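Chain nomenclature is as follows: A, B, C, D and E, assigned in order of appearance, with residue numbering initiated at 1 for each chain independently.
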Amino acid sequence: MRLAAVLVLCAVFAMALVGTVWQIAGQPVGGTLPETVADAMADSGVDHPVTAVLLNFRSYDTLLEIGVLVIAAIAGISMARLPSLEDPELRTHDSLLHALQRWFLPLMWLVAGYLLWAGAVQPGGAFQAGAVLAGTGVLMRLGGMPMNFLQPRLLLRVGLALGFAVFLLVAVVSAAGGDAFLAYPEGMAKPLILLIEIFLTLSIAMVLLSLFVAAPVNDAREPAEGESE
Amino acid sequence: MSVHLLYAFAGAGVFTIGLFGMVFMVHLLRKLLAFNLMGSGTFLVLVGLAQHRNGVDPVPQALVLTGIVVAIAATALALVLIRRYFHLTGQVTLEPGSRDDEGHS
Amino acid sequence: MAEDFWLNPWLPLMALATSMVAAVVIFALPEERHGLRTGVNLAASLLKLGLITVMVWGVFQGLEYRLDFTMMPGIEFVLRADPLSMMFAGLSAVLWVLTTAYAVGYLEYSPNRSRFFGFFSLCVASTTGIALAGNLFTFFLFYEMLTLATYPLVVHRGTEKALAAGRTYIIYTLSGGALLLLGMAWLYAETGTLEFTQGGFVEGPLTPSLAIIFALLIAGLGVKAALFPLHGWLPQAMVAPAPVSALLHAVAVVKAGAFGIVRVVNDVFGIEFARDEGLLLPLAWLAAFTITYGSLRALAQQDLKRMLAFSTVSQVSYIVLGLCLASPLGMVGGLVHLLHQGIMKITLFFCAGNYAETLGVHRIDELDGAGRRMPATSIAFTIGAFGMIGVPPLAGFITKWTMGLGALEANMPWVVLVLLVSSVLNAAYFLPVVHRLWFRARERDWPEEVRWGRLETMSWLLWPPVLTAAAVVAIGVLASFQFSPLSWAELLVNREYLP
Amino acid sequence: MTSWLLDGLVVFMLLATAVSVLASRSLFRAVVMFIAFGMLMALAWVRLQAPDIALAEAAIGAGLTGVLLLDAVAHFRRGPDKERGGAS
Amino acid sequence: MMSWLMAGLLFTPLAWAVVSLLVGFRTGRWLSWVGMVLQVGASVALWFAVARESGFYYALGGWQAPLGIELQVDGLALTFVLLTAAVASACGLHAGVYLDPDKPWQRYFWPLFWFLWAGLNAVWLGADLFNLYVGLELITLSAVGLVALGGDAGALRASLRYLLAALVGSMAYLLGVALMYGQFGTLSLAGMSHLAQEYPGLEGAGLAMALMMTGLALKTALFPLHGWLPPAHGIARSPVSALLSALVVKASFFIAARLWLELGPNLGTLALAQLAGVLGALAVLWGSWLACLQPQLKQVVAYSSVAQIGYLFLLFPLTWGVTEAVSQQAQQGMTLQVISHALAKAAMFLAAGNLILSTGSNRVSDLAGVSRFLPFSLFSFGLAGVSLMSLPPTGGFAAKWLLLQASLNSGQWWWTLVLLAGGLLSAAYVFRIYRASFVEHSELDQFYHPPRRLEAIPMMLALMSLGLGLVAEPLLSVMALPFGEGG
């Protein structure tokens, strides 16, 4: 009964949505943004338009988005106890995974580095590189590597915040010179974007990895308000 | 009708499927999967519809990249919460036996 | 220089601030600082009395005080002193002094005095604000503030009964406030102003929406004025301590309602407009009915304070009825009753409180022989009761006489009949009490007697009723004196209304 | 024409995997279907000439999310008390 | 100067989030004090700057819209920035004393707090639909993190419910953004508004807007999508509840209001407007009614939020198809309602937290005797309650008065009944608390007396909400300032 009702509602919604898409596709108004982007590419400091949009034209979005990632990581590690990451049970004896690690990991590092570098001119960039790096970390973790830096200590927190902090500093330095917030000083766009991307890659990888590792076991709990301890 | 528009329609479909899952499913992990479907659908509509009018458009592509990162952040956080919740209560639904009223759109 | 002093526009605000500041100071004082608190209380109330006296003199000279400031687009906060406001402000200032003294004695040895006196001062501040309000909005502001500040006093004892009474009180008054707000907002939407204006600012012809607005405003105010059928909260609220019943329920709260009705009829709609469009006649009937109904209910009461409460229901409607006569003498009678009823009723409540505190007596049938045990209190009670009945030359007689003349002047002779019936009923429920006080011998012990040395009761408790009883006599006998309530009401009516 | 066929196929598969993510009775299967859905999304992004997103989707959407989800499913299977902290 | 202030305004919360992540709770506390001073200073300075001159667009990175992201720095936005500075500082100060610094997870409070603040500012100033989405997510995730922080199973359940609802809401909004971009080819709200005026009758865009509104309504907990709010706001630590009720739900509403005011005249319909109003009205009645029934103190306050949010949605019918003057009144009323509810509700939650701390219980019935021994905390609670009842001279009254005028002047008199009934119902639940506190329970003072600082903060907020009605005129005049270009 409930299934039927929800199905009917969803069907109605789907039809309305498809109709809306159809209508909008039929009568677009206004100018086109890609041309504006193409015109501004020369001033952006990079050659790949998506990277230019992400890290220059709409860099505020990206800044806040990294903030979202950091928040998720903070909320995640706030729940973690992580007693000992060197849990003996974690050590795998799977030889395939072992072999995979031996050969695969360096390759992944290489891929990540390439993706990062390539981002300036062609597809790729900090997110993809960070994700690959995090994937590498996950594999290492699954392989039983201790990865003590993932303990919720200062090192981890520095790692989480590093990319964001560098981004923020770059953003504010130009503003201190009287420019707008997040504006790159003339001619500095390319190196600054590269700098940001390097640190972002590290931090993104760290965030994703820590969320993976911060599987929550924490028996300590705060009593609800008004409940006595 | 361009290929982009086709994917936009596909996105509308995927979004609706995700919405259905979000409303109807009870298991938290399935809700989370449904949310990710909604996200993917939205991204398809965003790029598909924009490119239908503009041709290849770096702006929505960049937006989708941002959106994907936000979605993974939310997903990962939700997973941490769900697992901890499961650890404390042994439950994988919000309130067993009662329906959730999130997500009537 | 002197002129400037008399015309100082800050005077109304200062009068308001004295009790407001007193409230804040009292809240801040620790519970144990009884002496200091009493000092602050009395000093503030005397200061306020002084300020009001200055303003009364100024108004008498024909000055008008005004202070305004804009709060929202179109909404101003206006304090203004005109003869009508001085009447109410003066009443509350005089009675505040006496009631404070009375309350200090009444609440000796009981807990939560800091809270009590704090809210008490807030109530007086609200009453002053109501009196000095220069537009309907400002009036409403203080009207609602009065509601809130009274609640903690009603539930002061924290018993089930007190809490239940508090709930009834708040439901009635806040609903009334909502009606008033609706009427006010609508009125503003129709006319674009809320400023009290001599002769009213509503311009004819009478449209249905104007009639509904009138009904809404009167209903909203009628709750506090305890007009039938909106009076249900008043008898219940009598569970509050006697000073609260005395000042607030007999004087401040119900008078705020009655005063509001006077303001609405005179300064919003205009008395002539209201009369000519037939708005007043239904109100007059309602008031007449309430007068009779309240007296009948009072007849049936066994509890002294409840009886007094129903008597209040009845007496407050005199004010409304007098107003509705819309003739000069009728209005004078109604307005003067604003003061007369206050002083007479507070005397009666003080005495009731004294019987309860000193003898533990709450019910009428336990009063036998109290006149011998507490002669001063009983004399005061008797004077108050005779005043209520309308025995010449006491205050009540002046009211009834003037109103009767007014009714004839307005060609509404049935009102005279109402007055007569009411007086007979007044006599019917007051005389048995007086009889018990003086002419019945005591056969049992008092329920809970407390001895206070030489005097019949604590002197804090004794002097206030004695003074007010003396005032009941004085304002009756000296009615033609220049600053008597009657002369003031005449001045008011001559100067402002029905010129 | 072939390209339309290809696109049609991708779209159909997308919708089909999306439905089966929700319809699969077993949680594990649902997650596997979700990973497949992610891969198809990557393909779709290639078809939409968005290689950046395709890379990101493959790495993040399908890859990392998939691993996270699988880990969680394993956790649910073990039960609440045998949780050890971290992945396994 | 202006550009430095803007940079400071944007930079401070984010930077403080990072720095406080690196230190412990206690160090984070005094760091945060410094941050609050800076942030309040920047907000006040900007507010005065705008009040003296006029609003402007601030192009981030020097890229003008539609290519880049612009911030709309006008009187309304800055008023909200200022409100956020006031309320968030109060909550932060309260939290610094209220939270137990020895719990290991509390160190994460400050970073989440500052991220939340940054997200709120991003939303108030945002003029780019996608940027608003990112801002919303920033808010949502940090709010969820704060609710869940160190919580037990109940808190986790509440925060999960909150997270899922909020995610669905933002996805619906984002889908709407996608459709809008397909329609208009720009993400800038101002650009869209121009195009919508130029090409009337775009039905697709109208539906897209309805979709966005629905998503935002879910995030704002509009009846009947409010189910997630009371558990989340009720179970969080009191300073967090205060932040959530006072500010977080307002963010999504603010976006909905901006959208409606910019695009509504061309893309909205009468039905949509009236529907929003009806749901708002039902929220007022239903939320207040449920608030009267809750046995737990904080649940009462949380349900009261559901009701108070309902008033905000009267904006939609009262600005659609009415004269400019009426629309102006409704907008002013809405703004005042947001501000006064933010102040009053924050005060109320913080005071409730103090009461819970003192009585050791969250139950309404355990408040007996509070009026005798803890009058100060009760008084702050009571004053905040007066604003919720919208009695004069509070901000709540000013808001209600303007809404009453708007509904009477536009002939939509039925909303007046909702406004009045809502006021009475809110009195009912507020007086229920008073009543419980006046019960004489014991002669002995068995309560814990919280430090003065904890008690003073809600009192300040309550007094601000009380005095808001007195300064409504100057406040509203800043919001009505003309909007200049450049900056």
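As a working rule, contacts are C-beta pairs under 8 Å (C-beta built on N, C-alpha and C of every residue); 3 or more make two chains touch, one makes a residue touch a chain.
Bear in mind the structure is a predicted one, so any value in this text is a computation, not a measurement.
Trainee: In how few steps can one go from subunit B to subunit C if every step must land on a touching chain?
Mentor: Minimal hop count between subunit B and subunit C: 2.
Trainee: So which chains are sitting against subunit A and subunit E at once?
Mentor: The common neighbours are B.
Trainee: Going by CA means, which chain is nearest the middle of everything shown?
Mentor: The most central chain, going by mean C-alpha position, is E.
Trainee: Which two chains have the most contacts between them?
Mentor: Ranked by contacting C-beta pairs, first place goes to A-E.
Trainee: Select the chain at the greatest separation from subunit C, using centres from the mean of Cα atoms.
Mentor: Centroid comparison gives D as the farthest chain from subunit C.
Trainee: Could you tell me the distance, in whole angstrom, between the mean C-alpha positions of subunit B and subunit D?
Mentor: Their C-alpha centroids are separated by 12 Å.
Trainee: When the centre of a chain is set as the mean of its C-alpha atoms, what distance in Å lies between subunit B and subunit E?
Mentor: The computed centroid separation for subunit B versus subunit E comes out at 26 Å.
Trainee: Measure off the straight-line distance from the CA centroid of subunit A to the CA centroid of subunit C, and report it in whole Å.
Mentor: 71
Trainee: What is the distance in Å between the mean C-alpha positions of subunit C and subunit D?
Mentor: 77
Trainee: Residue numbers in subunit D touching 2 or more other chains?
Mentor: Subunit D, residues with two or more chain partners: 52, 56, 60, 64, 68, 75, 83.
Trainee: Spell out, as numbers or ranges, the residues of subunit C touching 2 or more other chains.
Mentor: In subunit C, nothing touches at least two other chains.
Trainee: Considering subunit E alone, which of its residues make contact with at least two other chains?
Mentor: Touching at least two other chains: 130, 134, 137, 141, 144-145, 148, 152, 175, 179, 182, 185, 211.
Trainee: Hey, which chains are touching each other here?
Mentor: Per the contact definition above, the touching pairs are A-B, A-D, A-E, B-D, B-E, C-E.
Trainee: Per the contact definition, I'd like the list of subunit A residues that touch subunit E in the complex.
Mentor: Going by the criterion above, the answer is residues 16-17, 19-33, 36-37, 40, 56-61, 63-65, 67-68, 70-72, 74-75, 77-79, 154, 157-158, 160-161, 164-165, 168, 171-172, 175-176, 178-184, 220-228.
Trainee: Which of the residues in subunit B end up touching subunit A in this complex?
Mentor: Of all residues in subunit B, those touching subunit A are 5, 8-9, 12-13, 15-16, 19-20, 23-24, 45, 49, 52-59, 61-63, 65-66, 68-70, 72-74, 76-77, 79-81, 83-84, 87-88, 99, 104-105.
Trainee: For the complex, which residues does subunit C have touching subunit E?
Mentor: My answer: residues 27, 70-73, 75, 77, 111-112, 114-115, 137, 140-141, 144-145, 148, 151-152, 155, 157-159, 162-163, 166-167, 170, 174-175, 177-178, 181-182, 185-186, 188-189.
Trainee: So in the complex, which bits of subunit E are touching subunit B?
Mentor: Touch list, subunit E to subunit B: 130, 133-134, 137, 140-141, 144-145, 148, 152-153, 156-157, 159-161, 163-165, 167-168, 171-172, 174-175, 177-179, 181-182, 185, 187, 211, 214-215, 218, 224-225, 227-228.
Trainee: Taking the complex as given, what residues does subunit B use to touch subunit D?
Mentor: By the definition above, subunit B touches subunit D via 3-4, 6-7, 9-10, 13-14, 17-18, 20-21, 25, 27, 29-30, 32-34, 36-37, 40, 43-44, 47-48, 51, 56, 61, 64-65, 68-69, 72, 75-76, 79, 82-83, 86-90, 92.
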